[in-house]
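What follows is a set of structures to go through.
Each of the next two complexes has chain A plus one more chain, namely chain B in the first and chain C in the second.
Now for the complex of A and B:
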């Protein structure tokens, strides 16, 4: 279940960047500008949609959104 | 330098004087101006139905009038919350510039702008806290600009787009007799003040862009145009808040949001909200 969820996030990011056909778990999404100030909120909603987790906007830690593996650890951890 | 550009422009100098005088003449005490009833009736429109995100969509057909009223209440709280967050960001940007090198000439008007915006933020927050809550917006990543002159252009373009979006709603809701008097009053007062801020913003953005255009490559201008268009879409989509749908009792808020954003009514809604703004930005050449 969890791995499907993070795949949804990967698919969502790639769908916004048709020039890309792959995205490694450790690529920095912000430094590579795959996610920027205008798409960050959409990333948060995409994670909410894929994980079913409601993300508390007041306690967002940008470190949790830097890479796919950080997102997976923060929002899709099974334990 | 912004001041140098304004100082060479007699028309702009005249407008700045006029707008500053008007701010002094129209000054009011917001803390005394409004009557705040203990509560507002829940089973009525809190936002003009034509301005809600479900209007004209299949989703609206599935909801009862009571549910639509509840949705309009949460959407109105989201709208005023967006004002609170948007104003905080623009205050940070304008405060960073007032009385700094290059911004000498507009600083007098910046005092009125900052003062008035602070008061707007107060009455929008007051409304949310009295009758519901302030919806949060995720912080996160700062916008980047390649050069200081482009940064100033983008800052004031973002402020203008935000103000024009909000004003589209304020001007309609101020006159909508289906809404409670308190709601109409805050929309009316904000519309009055914003007409000055928008007039200033349009003049300033035109002057800033003329200079950026003179010193930029075609690729850089294309990048600016693409960013500004994306910013417009981003601003518009903040109206579609999944938390709002959740609070209004919708079971799958993310799915509703997606459905609404993809509906044909959305494109028409976005066009009507930004009709005047897009015309202005195209005329100046900022969007191409």
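Now for the complex of A and C:
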């Protein structure tokens, strides 16, 4: 079952794209242009808000933001 | 959020007496994007604060690269960067140019003693600028630089 945090991120992305009503875990957010360079900064903010983790822009790995699955694994994974 | 995208110096330039300089901020963000694309850096996020769009005394924008942006520029053999910014409130468009630095001999061809006299005349550095920047030079143009 998906964590509440990643659902918050999914909801945030969908709220910016009213033409969409679903977003699969493995859909590439960048290639599908659901997230562009400007909204990427907002996405980082949204992840920080949902996870409580501060993300350092200087050490960001773009692979961690490609899909909802990658975001969940990088920022919401439970031990 | 702007504090994640603009440096302290840029934030200081992006205020007016009546509040944020929205067109100026839009222009800075557009210019950062345009400069980043010169680096041809696949799989990299935009180093927002490492690409600073500041303002020279004359009012035109100047690019200052630091940290990761400077490293990406070196890797891409980008030696010198110039930008042109146009505004139409609340939108802005920017074009970035990269080429030899103003002091580089590549911008001043034909200066060797062997060159014919006609080729010893330095190339006007402004000849490398973009069309948009020339529009800015015309007083009737709507284009301008951030904060102007």
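Quick notes on this structure:
To be clear about the criterion, the second predicted complex is superposed on the first by the 77 of 79 C-alpha atoms of A that agree within 3 Å, B and C clash if a C-alpha of one lies under 4 Å from a C-alpha of the other, contacts with A are read in each partner's own complex, and residues count from 1 in each chain.
In this text, contacts are C-beta pairs under 8 Å (C-beta built on N, C-alpha and C of every residue); 3 or more make two chains touch, one makes a residue touch a chain.
Everything quoted here is computed from the prediction, not taken from an experiment.
In the superposed model, A:37 lies in contact with both chain B and chain C. Look at A:22: by the touch rule set out above, it reaches neither chain B nor chain C.
In the superposition on chain A, A:49 contacts chain B only, with no contact to chain C.
More residues of chain A lie in touch with B than with the remaining chain of the pair chain B and chain C.
In the superposition on chain A, contact of A:62 is made with both chain B and chain C. Once the two complexes are overlaid on the shared chain, A:4 sits clear of chain B and of chain C alike. The intersection of chain A residues touching chain B with those touching chain C, taken from the two complexes, comprises 37-38, 40-42, 44-45, 57-58, 60, 62. By the touch rule above, chain A contacts chain C in their complex via residues 37-38, 40-42, 44-45, 57-58, 60, 62-63. Chain B meets chain A in the complex at residues 136-144, 227, 230-231, 234, 237-238, 242, 246, 254-255, 257-258. Residues of chain A touching chain B in their complex: 30, 35-42, 44-45, 48-49, 54-55, 57-58, 60, 62, 65.
Residue ranges on chain C touching chain A, taken from their complex, read 1, 4-5, 29, 33, 36, 43-49, 67-68.
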